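Pasting the structures here.
Same chain, two partners: chain A is paired with chain B first, then with chain C.
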Partner chain A sequence: MKTLLIDVRRIMVSLQLTVVLLVFGMILVFAATLDQTNLGIWGIQQKWFRSFIVFQDLQGVTIPIFPGGYLVGGLLLINLIAAHVDRFKFTWLKAGIFLTHAGLILLLIGELLSGIFQEDFHMRLNEGQTKNYAEAYREHELAIIDTTDAKVDDVVSIPEILLAKGTVVQHPDLPFRVVTRAYYPNSFLQSPSAITPASLATVGLGLSVIASPQPVTYKPTETNLISAYVELISPDNSPGVFLVSTGLVAPQLFNYAGRSWRMTLRPKRIYEPFSLTLLKFSHDRYAGTDIPKNFSSRIRLKTSDGRDDRDVVVFMNNPLRYAGLTFYQAGFENNDRTSILQVVRNPSWLVPYVACALMSIGLLAQFGIHLAGFVVKRSS
Partner chain B sequence: MKKHTLPLIVGFGSLLAVAFSLTSPSNPAAYDVTGFSRLPTLVNGRIKPLDTVARTTLLITQGRQRVTTPDARTLTPAEWLLDVLYQPKVANTYQTFEIVHPDLLALFNLAVADGAGGKRFSAQQLADNLIELERQAKLAYDTDATVRTPYQRAVVQLRESVILYQRLQNSVNDTTSEDFLFHLERYERTLPSTVITKAPRGEDYSAASESKLRADMSRIFSAIDTFGYLRTVPSAKIDDLTGWITAGGAWTASLGGGRIAYAAHVYGEIGRAWVGHHPDGFNQAVRAYRQNLDTSMPTVMSKCDVEVRFNSAQPFYTSMVLYVAAFLAALVSWLKWPNALGRISFGLVGLAFALATAGILARMWLESRPPVTNLYSSALFVGWGAVAICLVLEYFFSNAVGSVAAGLIGFSTLLVAHHLALGGDTMEMMRAVLDSNFWLATHVVTVTVGYSATFLAGFLAVIYVGRGVFTRSLDASTAGALTRMVYGTVCFATLFSFIGTVLGGIWADQSWGRFWGWDPKENGALIIVIWNAIILHARWGGMVKQRGLMALAIFGNIVTAWSWFGVNMLGVGLHSYGFMDAAFWWLVGFVVIQLALIALIALPPQVWLSSSVMTRG
Partner chain C sequence: MCPQNIPAFVPYPRYFFICGISAFTLGLTGCGRTKVQSYRVPKENAASLPSAMTTAVPISATLGNGALIEPVMPLPNASATAILGPKVSKANGPVLTWKAPTEWAPKPLGAMRKGSFAIPGEGGALADLSITSFPGAVGGDLANVNRWRGQLGLIPITGAELADAVLRINANGLTINLVDLSSTDPAQARILGALVEYDGAMWFFKISGPGELVGTLKPAFVNFLQSVKVSSP
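Moving on to the complex of A and B:
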C-alpha cells in the first residue's frame, strides 16, 4: 500500500504526466474543433470541455470515448500544483517559470469559474424602444402572470428544466399546481387533422394547434421549438391542460379564481435595475460595397433611482460595462432598425487578464534570461 | 582569386538586378499608358490606380498578369485594360479566361487545342454558350459552397470571371454600339457649358435629332451606371468616399444639370484617342486630367503612383527568386566552398529580406494598416518573420543552416502568398469587427510571428533529417548546433504564440464578450501553444533527446499548417475570414510529407548516411 502511494505521488508530480496531459489536451481541443461542424460551438463546449468524460453516440449506443475538459484540466492543475509543492525551490533564475505556472494555475481556475458563473443574454431593441430586461439564448421559462391589476403584473416564472424533469410546481402565489404532461425539447406545430394524434390540451390554443416531438437540432441555422403540455390543477374546478410553446406568439389567456391570467413559454429573462432605450442604430458600409465598416448603437441609459441618465454608444470593439453586465454590439435585423446587443454577466472576467499578465511577464523574463546568457556565451 | 571577390561580384550583380526591377515602368509605345494606369478609381471600397484593377482582374480570370494577343504581341495589363474599356470587340479576341475543367470545356464545345497554352480562351470563344453557363451556375449556386463538386466550383469561378469582365467593359463605354464614344462627343457639344470647343454645327443638329440623341444617351448612361464596375469620377469632397460615382452616373447627372464632370469627360476623350489612334490626343487628355487631380487630391495621387511602381516592381517575386538562389548556394556550401558560398547565400537572403521588408512596408503605407490584415498578408509576414529569425541564427552560427531554412521558408511562404493573390485585390477592406488597427498590430502580428517561429523550428528539423539520412555532412557539432537552434526557436515560438493568443483573448473579450469561446481559430492558436509547451516539457523531462526533439519539431509544421489554413476549411466560427477550398489537397500533401520525414527520423541509426560522423543523441 505504501509503495503504491509513493508511486501515485511520483506520477502526480512527474513531468511525464504533464506531457501526457498536454497531449490529451491538444487532442481534446482538436477533436472538439472538428466536431463543431456537427454540434456547433455551444454543443461542443458542453460535450468536450465542460465535462469529465466525453460520451459519443454511436448508432444509438452512448460510449465514453475521451477524458473531458474538466478531467484533463483538473489533473493538469493537480499535477502543476503538486510538482511545485514537491520540488520547486525558488531561485531568481527560475522566477520566470514560477510566474508562468502561477499564471497558468490562475487561468485554469478562471476558465472553470467563468464556465460556472458566466451567463449570456441578449437584448433586442427597436429604434425608440425601451427595455429593462435581457433574454437568455438557450434557457426558457414558463411565465404565469396575474394580470388582474392593470398597473402591476405578478409574475411567477418556472425554469424550463423543471418542465423537462416533470417536477410538480406548487407556488404560494398560484392558486393551482403546475404539472407537466409532456415536454418536447424540439417540436413541430401543426393544425389537428385526421392523421394527427389527439391533442393533450383540454383548453386554449392547444385545441387548434398540436405539437409533435422532433429530434433536437444543433445546426447554427436552425432553432429548437420547445413545447410542453402543462396541466394546472387545483382542488376544485382545475383550469385544464394547456399547450405552451416558443412557437406560439400569442400567450394563453384564461380566468381562474376571479383573476385574469396570462401564461407563456418565453426565453428566460433577467431584469436590470436600469433601462436602455435605443436612440439610433447605424450600419456603415465601405463606399460602393456591401462590406460592413461599423455597427453602432446610440443608447439612453437610465437607472430607476434616477442617478444615471445619459447617452452611451456601443460599437464594435467597444462594449458598455455597467452594473456588472457588459453590453456588446452583436447584430442587427429588421432593415437596420433593430439592434441586437449581447449581454454578459461574468463576475470573474478579470481573472484571465491577471493570469495572462503573469504568464506573459514570466515567459518574457525566462526567455530574456536565456537569450542574454546565449548572446554573452556566443560573443565571448 | 581572393576570397572576397566572388561574393562581392555576386552581391553587386544581384543588387544591380534588384535596382533595375525597381525602376519606373516605361511606356512600350507612343501612348502614355503608364500615366493612364496611375489614374485613380474606387473599387470595392478602396481608391486604387487602374493598373491594380487591370492586374487583379487578369489574376482572377487567367491566373497571370501577362496578356498575349492572337497576333503574338504582348500587352501590359494597362494596355489590355484600355482595349477592354474602349475596344470591346478587339479585347474579346484576347484569350484571358482560364478553363481547365474538361467538362466545362465540353460545355462550350471547346477543345484544349483551341486555347492559348491549352487553357486560356477568349470572350469570343465563350460568347455562344454564356446562357448555358448562367444556367449551370444557377444550379451550382443552389449547392452549399462547401460541398460543390470541382465542376460546380469551376462553373461558379468562370461565371464570376465573365461577369467581372463584362462589368469592366461597361465601365465607361457601351459595348452594344460601335460608336458610343462619338455620340457621346456629339452629346457633350449640345450641353450649355462644355469643355469641348464648340465646333460648327452640322445640319444633323436639329432640335429633333438632339432630343433623340439625349433620349438614347440617357438610356445608355443609366445602363453604364448600373453595370459598370469602376467608379471613376472622384468625389467632390476628398474624404467622402461615398461621393465617388461611375462615369455613367456623372453623364446621367449632366442630362439635368447641363454640366459634365471633368473626369467623365476625360474618359470619353481618352477612349476616342485610343480608338482613333491619336497618341497626342491621348497623352494630352491624360496629362491634363492628371494635373487636375494633382491639385485636387495630391496624397491620393502619390499613393497611386507608389502602388503602380509597387505593382510593376513585384518585389515579392524578385525576393522569391533570390530566396531560391540563396537556398541553392547555401545547400552547395555544405559540400564545397563553405566560406564563399556561405557568405553569398547570407548576402542573398539579406537582400531578399530587405526587398520583402520594403514590399511589406509599401503595403502598410498604402493601406494605412499594420502588416497582417488577411490570409495573403499573413503568408507574407510568416515568411518575413521566419527569415528574420534565420538571419539572426545565421549571424551567430555561420553554418549556412539559417540560410537554407530562410531560402526554403521565404520561397514557400511567398509561393503560398502568390496563390492566395489569385483571389483578387490583396488590399481589401476590413470587416467591421477586424477594423481595429490596435489589435491587428498587436494580436495578429504576435500570433503570426509565433506561427513563423514554429514553422522555422520544423524546417530546421527537416534540415537535420535531410542531412543526417541522405548525406554524410551531419557531424556531431553540426547536429549539436542544430539542436540548440531548434530548441531556441521553439522557446521563441512558445513566447510569441502564447502572448499572441492571450492578446487575442483580450480582443475577443472586448468585442464579443468572452475571453475564450472555443472558436476554431482560437483553438488553432491554442493547439500551437500547447504543442510548443509539449516540446519544451518533453525536452526538460528528458523524455526526448536530439532525434525526438527533431521529430516533435517537424510535427509542429503539421500543427501550424492546420491552425493557419485547416481551420479556415471548416467554414464555421467567427474568425473564418479566409475561406478557401482548393488548398485542402495541398494541406493534405504537406501533412503526408511531414509524416514521411518523421518516419525517416525513426529509421535505425545505422542506416543514416551520417551515422559514422555523428555521435547520436
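Moving on to the complex of A and C:
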C-alpha cells in the first residue's frame, strides 16, 4: 500500500506526466477540430473538452476513445500543484518563477470555473421595447405559468433535461404531476393526415399538429426543433396530454382547478431585478460606403426600486456591466430596428485577468532578478 | 525539474491539500442545472407576447422554424389559436397577380390566403388551389417541398434530389419552382406545388386533390403560373 502511494506520488509530481498531458492536450485540440465538421462548435466543446472521457458511437456501440478535456486539464492542474507542493522551497531568487506558476494555476482554475459557472444568454430588443429577462441560446425550459393573478405570473420552470430523461415532476406550486410521454430533441411539425401516425396529444394544439422525430442537427445554420408530449396528471379530472414545442411560437392556454394556466416550451429565461429599454440602435457606416463603422445601442436601465434610472450606451468593446451580468453588443436585425445583446453571467470573469497579471509580474520579476544579478556581477 | 530521488512517503498535510482540490474540482464538474425552479414575475405586457396572443386569426399557422402548418381540421378550442406565430404576412409591398381559367371557381379567401380556387373534375372530383405568401424564405425550397412530401407520406429528399425534382418556370421576370408530388398509392392525393421568392417574401401556389384530377391539371397549372406577375399595391 505504501509503495503504491509512493508510486502515485512519483507519477503525480513527474515532468513526464506533464509532457504526456500536454501531448494529450494537443491531440485533443486536433481531433476536436476535425470532429467539428460533424458536430459543430457547441457539440465538440461538450464532447471533447467539457467531459472526463470522450465517447464515440461506433455502429451503435458507444465506447470510450480518449481522455476528455476535464481529465487532461484536471490532471495537469494537479500535476502542477503537486510538483510545487512537493518541491516548494521559497527563495527570493525564484520568486518570479513561483508567481508565474501561480498565475498559470489560476488560469487553469479560471477556465474550469468559467466552464462550470459561465452562462450565456441573449436579449433581443426592438426599439421602444422593455424587457427584464434574457434568454439562453441552447438550454430550454418547460414553463408552466399560473396567470390567474391580474398583476403577477407564478412560473414553474422545468429544465429540458428533465423532459429528456422522462423524470416525473411533482412541484408544490402545481396541482398536477408533469409526465413526459415522448421527447424529441429535433422534430418536424406537420398537420395530421390519413398517413401520419396518430397524435399522442389528447387536448390542445397537439390535436391539429403532430411532431415527428428527426435526427439532431449540429450545423450552425440549422436549428433543432425540440418537441415533447407531456401529460398533466392529477387525482381527478387530469388536463390531458399536450404537445409542447419550440416550434409553436405562442403558448397554450388552459384552465384547471379554477385557475388559468399558460404552458410553453421556450428558451430558458433569467429574470433580472432591473429592466432595459432599447431607445435607439445605431448602425454607423463609413461615409459613402456600406462598410460598418460602429454598432451601438442606447438603452434605458431602470431598477424596480428606483435606485437606478439612467441611459447607457453599449457598443463594440464597451459592454454594460451591471448586477453581475455583462451585456455585449452582439448583433442586430429587422432593418436596424432590433438590437441583440449577448448577456454573460460569469462570476469568475476576473480570474483570467488576475492570472495574466500574476504571470506578467512573475516573468518581469524573474528576468529583473537575473538582470540585476548579471549587472552586479559585471560591475564587480 | 524532475527529482532524481523521491523521499519515502509521509502522510504530509500538503497532499491533503491536493486531494481536497481534486475532490472540489470533481464535485464542481458534477454540478448540474437540473432543478425545477419556481418564481414570481410581473405580468408580461400584452405587447411583448407573441402577436397571436392578442390577434386571434384562426386556422393557419407559422412555426418558429419558419415551416408552415396548413390546417386540415378546425382547431379544437379557443386556446388553439395561440399556435399562430408573429410572422403572419401582412405585407403592404408589391404583390403578385395571376390570371386563372374561368372554369376555376374562386372561393372565399381565408385569413391567410391571397387566392383560393375550387377546380372541378370529372365525376364530382374537386381539387383545391391555394395561394399564400409569408415574409422571409420560410425555411427555403427544400424544407417546404419536404413539408409537402410529408403531407403525402413521402420520405424527405435531399438538396441534390430537389434539383432534379424541380421544374423551373420563368414568368414575367419571376423564377417559379414547380414540383409534382404523388403518393405511392395512385388513389391518394397529389400535390402540384410552386414556390416563388419575391421582394423578401415566399409565395406558395399549391394544387392538391385526387391524383388523377391533379395530373390532368398540370398543363393548365403551368399556363396559370406563367401568368403570374408583379403588381404594385
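Simple rule for what comes next: the second predicted complex is superposed on the first by the 351 of 380 C-alpha atoms of A that agree within 3 Å, B and C clash if a C-alpha of one lies under 4 Å from a C-alpha of the other, contacts with A are read in each partner's own complex, and residues count from 1 in each chain.
Here is the rule we go by: contacts are C-beta pairs under 8 Å (C-beta built on N, C-alpha and C of every residue); 3 or more make two chains touch, one makes a residue touch a chain.
Bear in mind that the values here come from a model prediction, so they are computed numbers and not experimental data.
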Superposed partners chain B and chain C on chain A - clash or fit: fit
Query: Which angle, as a multiple of 10 degrees, do chain B and chain C span at the CA centre of chain A?
result: 80
Task: Once the structures are superposed on A, label A:L125 by its partner contacts, choosing first (chain B), second (chain C), both or neither.
output: neither
- request: Pick one for A:I226: touches chain B only (first), chain C only (second), both, or neither.
  value: neither
Query: Touching A:S14 in the superposition: chain B (first), chain C (second), both, neither?
result: both
Message: Taking the superposition on A as described, I'd like to know which of chain B and chain C A:Y353 touches: first, second, both or neither.
response: first
Query: Is A:F374 touching the first partner chain B, the second partner chain C, both, or neither of them?
result: first
Task: Could you figure out whether chain B or chain C reaches more residues of chain A?
output: C
Query: Is A:V54 in contact with chain B, with chain C, with both, or with neither (first, second, both, neither)?
result: neither
Query: Between chain B and chain C, what is the shortest CA distance in the superposition, whole Å?
result: 6
Statement: Shared chain A footprint, chain B vs chain C, residue numbers 14-16
Field: Touch list for chain A against partner chain C, complex
entry: 2, 5-6, 9-10, 12-16, 52, 70, 74, 77-78, 81-83, 85-88, 112-113, 116, 129-133, 139, 147, 149-159, 161-162, 169, 171, 173, 188-193, 195-196, 203-205, 207-209, 212, 223, 225, 245-254, 271
Field: Contact set on chain B toward chain A in their complex
entry: 42-46, 231, 241-242, 244, 396, 428-429, 431-433, 435-436, 439, 488, 491-492, 494-495, 498-499, 502, 505-507, 509-520, 523-524, 526-527, 530-531, 533-534, 537-538, 540-541, 543, 567, 570-573
Message: Going by the contact rule set out above, which residues of chain C touch chain A in the complex?
response: 1-3, 6, 8-9, 14-15, 17-18, 21-22, 25-26, 28-29, 31-45, 47-50, 52-53, 61-65, 67, 69-73, 75-80, 82-86, 147, 150-153, 183, 188
Message: List the residues on chain A that touch chain B in their complex, please.
response: 14-16, 18-19, 22-23, 25-26, 29-30, 32-34, 36-37, 40-41, 44-45, 49, 110-111, 114, 118, 120, 220, 285-289, 291-295, 316-319, 326, 328, 330, 342, 344, 346, 349, 352-353, 356, 359-360, 363-364, 367, 370, 374, 378
